[in-house]
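Have a look at these structures, which come just after this line.
Each of the two complexes below includes chain A, the first together with chain B, the second together with chain C.
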Partner chain A sequence: MQQNYHKNLKATKSAPLTYFTADANLNALLTVFVLLAVVCAIAFGSAMYSGANLQSMAFQIPEFGFVALGMMLAFLVGGIDLSIVANACLSGIIAAFILTGQWLPGMSDEWRIAVAVCSALGLSTLMGLFNGLLIATCAVSSLIATLGTMTLYSGIGMALTGGRSVVGFPETFTAGGIATVGGVPLIFLAFIVVLAAMALLLERTGGGRKLYLFGGNPVAALFSGISNFRMNVITFTASGFLAGLSGLTIIMRVNSAKVGYGDAYVFQALIVCVIAGIHPAGGRGKVIGIGITTVLMQMAASAFTIMQLSPYTTKLIWGLMLVLVLGLTRDGKRLLQLVRAPLKQRHLAPSVEAESADFLTKRNSLEDSEASITTTGAPYSAVNGQQEIDGKRAVLPKVNDKA
Partner chain B sequence: MQEQDSKATSAPCRDLKGRPLLVEAIGITKTFGGFTALDDINLMFKGGEIHCLAGENGSGKSTLVKIISGAYTPDKGSIVINGKSYSALNPAQSMAEGIQVIYQDLALFEHMSVAENIALGRLRENDQRLINWKKVDAIAQAQLERIGVQLDLRQELREASISTKQLVAICRALAMDAKVLFMDEPTTALSGREVDRLLEVMADLKKSGLAVIFISHKLDEVFRIANVVTVFRDGRKIGDFPSGDLNARRLSYYMTGKEISYPKYQRVSTKQESFVEIHGLCKKNMYQDINLSVRPGDIMGCIGLLGSGRTELALSLFGLNPPDGGDIIINGHKTSINSPSAAMEAGIALLPEDRSTEGLFLERSVAVNATAAIIDKLCHGWFKCFDFRRERECARQDICDINIKTTSEQKLAGELSGGNQQKVVLAKWLATKPRLFIMDNPTVGIDIGSKAEIYETAQSLARRDMAVLLLSDEVEELTANCNRIAIFARGRIIEILDEKRLADPHIGSYITKVVAAGRRLDDVVSASADANMQQIATVVTVDAPLRDTKESGVCK
Partner chain C sequence: MQIERSEVILLIIIALYALGVAVVNPAFLSIETVFDLVRTSSRDIILVMGLLLIMLSGGIDISFMSMALVGSYCATVIMMRYEFSSVAVLITLACCFGLIMGLFNALLVSWLKLPPFIITLGTMNLFHGLMATLAGTRTYGAGILPPSFNEFGSGYLLEIEGEYGVIGLSVSIIPVALVIVLTWFIIYKTMLGRGIVAIGNSEEAALRLGFRPLWLRLFAYGYIGVLAGLAGSLYICQVNAVYPDKMIGEELMVVAGAVIGGTSISGGKGKIFGAILGIVIIYLLKSTLIFLGLSASWNNLFVGIILVLSLSFTAYQEKMRNQRHLLFKVESR
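Take a look at the complex of A and B:
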């Protein structure tokens, strides 16, 4: 029976992966998104969907979106990165010093911008690497490690600036913050590119698969030859790089750098990750969820602005949203299962169904025949794979999306 | 067959000896969705008896326990406890009737002391607002005396051994005034001597009039301790058998519905040079001066008590426990293995002891699990693009090859039964095409059918020149599957038995004695003459031609 192990595997027909239908959380998210979009259309109409408002939303999304993506990476390995915003601010400040000519004076504007961007990204990546090494070598929880580095990084920023803003960038640099391509802000396009690249890296490459496995069960990952050390370091380094992108976007848009800018983003990023279905325990969640959720949050924020709610009410609604989503992920899954059961049959690409059905009937029929022969005379067959159910498993509502 | 049918349908007899009848299940039926987990079960548990529930995973044993303990409500039927009839119990009623269940994971408070764990359930039941520490100690001490065991009351439970925890769980149940005690696989994590101690305690409990219901996959323990064995298969009761009427062969037949035989592994490989040679390997406080060599086609058994250095050595070979000194020579080259990936590169695979935490990603699919160790091989192009199609093909190949019973390769690994989970871990490692496969207790908590398939897989791999290191606590498992056995004690290999020695039919009892004594026994003759150990049936043969048909039909 084992003769086949070392043979080359023969190709069978493959079916396209059903990306959206496979994920209950993504379905829920899309539903909420569509609902909000419709409600906004009815309630605010052109105030929400005017070109100007859409554009202003697109300008605001990236700086926060990068932070959320970095937080997502940390969430995927079951950790948290509190230092993202402090990292973004510090790398922004470094870039600002170079841009204003306070450091490395005597360069042309173009050179200065190039050096500033490179050093900001390089430094933020290094700060991320430091986080990763701290977590991987000292076996500290990422919560403690990044709480420490958060304070450290903003402390360095404070020492460098004395708490003052660094202002006076070359115009070519700040122009990037307001540039549009066909009406779409350049920084928004950059965000989409990074989002897509991350989605590809995480969900379509071997490295991404390892990251998900490591996040889901680090011990089993270790026993499967996946280096825990490397995974932690890579994750937090990447998170640092994203912080650098966020820092650059911020200083580009506000034309100044200052410690403490965007501090609220840390907790908003946590909310976004939870809503996006990135499981805090690690190993679950999709990049596209972050994309949808950041847009969703921006739309909600925009709606708040249109309704002229005070900032205090806004915070209250954010909090409410988080509590709601946490509740929904606990009990909503069962609800969703009920709603999705009839939908799923239509959604699944027929080829997938047909193929797996084909495969399994073949297998089971063979198994049945085997069972009936080997167990001749015995009253009940214990061989049929279909009947294998443990009482404990059967009574729990299945959280299995593919079922 | 006739005999079996009549037993299966016979009504529960009355208690002739006039002993108090404690718990009776009448016509219990339970379905989950469309699946019948229990079908019209009639069963009686009597005081002063050890009653064993036997059956493969998923045969309905645990469902029955959960119905009697009040965790599930039966669809039909009733439970009669001391003459009181219940159509459904809730957990509080069940406890009030003296029914206590010790689950496999024990559910103790790890951060609390022995005394607290034993007494707190009782204090809570008495609705005490404040904790009287003297009373806690008194209750704990009283229960420990009941089972005749001395434990340090102040010891924190997370520092205690599993066997101590097991005893604490029993004492907690006793403190709650247990009359009927269910124990779900209590011996799985225990070593030989600890099992003996536990079985003694169970026998004492029986003498004091409790009904002890014992669920175990280990047939030798079943025969040693049980008065009555009830066999379940696919949610039905096959019958109640006095344990004296059964032997291992018949019991496994009733459980699986398959005929059992014992093929013994014979090395066929002609290669004489070792794949792995270990010279003077040592690690402080773990093992010293280990010398071992494994040839391709060898199944080298490793046996020894907990802490004998066996598992530690296995981890060292897999790069998870770097040794302090000595050499590991692989294929003639001195190799330092300092990480699992280095071990994998050297052609070493490890099936870990604890499949649910170390072996599997329970929340991921069978396909993801089966390919977890070959992710890099499934990537192509400069972008390291992951090939989902090949992943699926590999998984399906595995499902066919080692007969993983699942409805789809997309099913979550956590939803499979224990045996099939273990096969997934096996598949994961076989995909790396290892040359040395270390299996650390591969059949713990696994039903007989899957056990046999795992043995069969290991043997057929060894026949094709894979070296296997089989770590196990079960002597029968080793004598059936190994062509050489190394006995570990206190961090050293005290004896290596070769093929000639293993041909001795009484070698099993000799190994048991050496392991227990922790030293070489010179008087081999008298040791083997004293062989009265029951040799246990472990291996199922499935008709080979059928396998071939299946392969050509689906897998090719």
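Take a look at the complex of A and C:
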């Protein structure tokens, strides 16, 4: 054990290549990524890997990627942010009103773009701040708080636009949405920059470490002098800022602003976070995981489009994927053992099966004593009673963490 | 039955708002408005009863609209194929489908031990996708559906001569009343209900008392499944058409109604009367914007304001209470 620990420590410190190998989840993610890439290459060939398709994928990734990054921040503190997309839409609408000259008329195009971008980002940050204050000062659970603000923000957007889309931006603005640098979309590069900045801030600075600590155990963090209030406010404000970036990207790309654009992103962002290994209970997960998973999702979406699946089937696949991934992250190791155990030691099979029928109530103890199930033979049934007592004791402290 | 302070506040808000609308538009104050409210809100009041039980257990379920849609849609498909025409068959089939889906939710929640919100978000899409793949996506209109659906959906229990013809109290109030009484009975008069409240307050304490969280969860999630089947059947009878994509997307409004009514997201706290009042407020806002001369697009704004105000008020009170008792609660979850 001690040796392993040192090995891991060394791995994280050495060359950037081994950055991936230190984390089991990232390894799995990369494997899936490579597998999917190969499968897509075999199944669709040039339809998937044509320059045009790759470019259109790169155009679509950022607007969703920003949402996923915002959701990741909320996940890291053990919360959830449902209001990101509503926030993005509202800030996009505000920017659109200024860009089309319906608000603050009589400015030159350049000034108008600058004011629109600043006000969109400023407003989205304010909306994030409002979320954070609601959660931190009133102690509203983030799920309910952002459910409320989601309704509120989309309500404001609806009241402003009446459900119609706002169109007619200056061309210099929309040019940003289709601009490329050496074939790579500008907005994609912006996404990469934000991703890298977030990775640096979260994983290489003291503030980021505090955020992880706070997410892992807020009460312990509180007693270590980390302010719960400040952490919550900062996290949700940053999430709001990312929503603003997403909103700007959306209106830049689709050339109009409207309430309800990208509503499905909330659900997809949750899936991305779960697949990327950001634990919903907080404190675990890496930014690079979000990057990989976002690309993965875009590839899958692209494949669905090529296969001409109906939106319902796509829904089915996303839902199935979420449940499967949750199940595998929770009990993947154990399921693998259930398959392996009968093969390894046939005479043990009955007791393992009995265990599996009952494992819903006892899984906590099983995690701690996985080795004993498969390796120790006859003593197992004799130890069973002891196991159960251990199981109860092991269950109790964990029960407390509610959703 | 004791009425809590938050419920009194809600009642005052409703009364003041109704008074305000009546001042602007006197046509609002009529028995017709009440009857209309009863009819349109019947589906969501049934659903919020199930949701209340789930939230009392410390969980949340947002797949109920999906279950209502899938249950009623699949039931209709089966009825069309085998040419049944009774509403009782529709409700029974829909409730059975709902029960199966609810139990599936409960098993997943107990197994994965992750936020039920995320799990039921997944199953919501899963159920809907499965339905569309297996049962098709055809729309069944008024001409195809058995006439008994419409008779049930627009039947009147009692009729009054109004200004613009006959107005009546919808038959829907019977299932609604039955469900409310049943839920009240379960929560306050059975060990099952007390157990659900107990695991919502503290699963650890409930476990030590001998309650079995798995069974209680199975019951709570199964119950909302059954209610979803009932509510879905009621809804398709009322609109007299079956669409493969209606209802989904309205679930958060029901959650909002429960929360406005004082139901705690962390479990163990919630009142039947409050939850009903929450739904009534939302439907009141929905239906009165026209009386005020505003378009329907202002709906979300008003619901959002009320939601944010009410939840920050109740949560702030709880925070103060926790501070007095030196309880260190985690704020973000």
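Heads up, the rule we're going with is that the second predicted complex is superposed on the first by the 314 of 403 C-alpha atoms of A that agree within 3 Å, B and C clash if a C-alpha of one lies under 4 Å from a C-alpha of the other, contacts with A are read in each partner's own complex, and residues count from 1 in each chain.
FYI, a contact is a pair of C-beta atoms (placed from the backbone, for glycine too) under 8 Å apart; a residue touches a chain by one contact, two chains touch by 3 or more.
Note that this is a predicted model, so its numbers are computed, not measured.
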item	value
Which superposed partner A:Q268 touches (first chain B, second chain C, both, neither)	neither
Which of chain B and chain C A:V219 touches, first, second, both or neither	both
Contacts of A:Q298 with chain B and chain C, given as first, second, both or neither	neither
Touched partner set for A:N25, first chain B, second chain C, both or neither	neither
Contacts of A:A145 with chain B and chain C, given as first, second, both or neither	second
Chain B versus chain C as contact partner of A:L134, first or second or both or neither	second
First (chain B), second (chain C), both or neither touched by A:G206	first
Which superposed partner A:T313 touches (first chain B, second chain C, both, neither)	second
Shared chain A contacts, counted only where both chain B and chain C touch the same residue	219, 222, 360, 392, 395, 398, 400, 402
In the complex, chain C residues that touch chain A	58-60, 108, 110-119, 121-133, 137, 202-204, 207-208, 214, 244, 252, 255-256, 259, 265-267, 295, 297-305, 307-308, 311-312, 315-316, 318-319, 322, 328-333
Contacting residues of chain B [partner chain A, same complex]	1, 4-5, 8, 30, 32-33, 35, 37-38, 56-60, 62-63, 66, 72, 233-234, 236, 238, 253, 255-258, 318, 320, 339-341, 343-344, 350, 352, 357-365, 368, 372-373, 375-376, 378-379, 383-386, 388-390, 392-394, 396-397, 399-403, 405-408, 410-412, 415-417, 420, 428, 430, 433, 449, 457, 460-461, 464, 542-544, 546-551, 553-556
Residues of chain A defined as touching chain C within the complex	74, 77-80, 134-145, 147-156, 158-159, 161-163, 218-219, 222, 228-229, 232, 235, 267, 270-271, 274, 280-282, 310, 312-320, 322-323, 326-327, 330-331, 360-361, 392, 395-396, 398-400, 402-403
Chain B partner contacts - residues on chain A that touch it in the complex	1-6, 9-12, 14, 17, 200, 204-210, 212-213, 216-217, 219-227, 283-284, 356, 359-360, 362-363, 366-367, 369-370, 373-375, 377-383, 385-395, 398, 400, 402
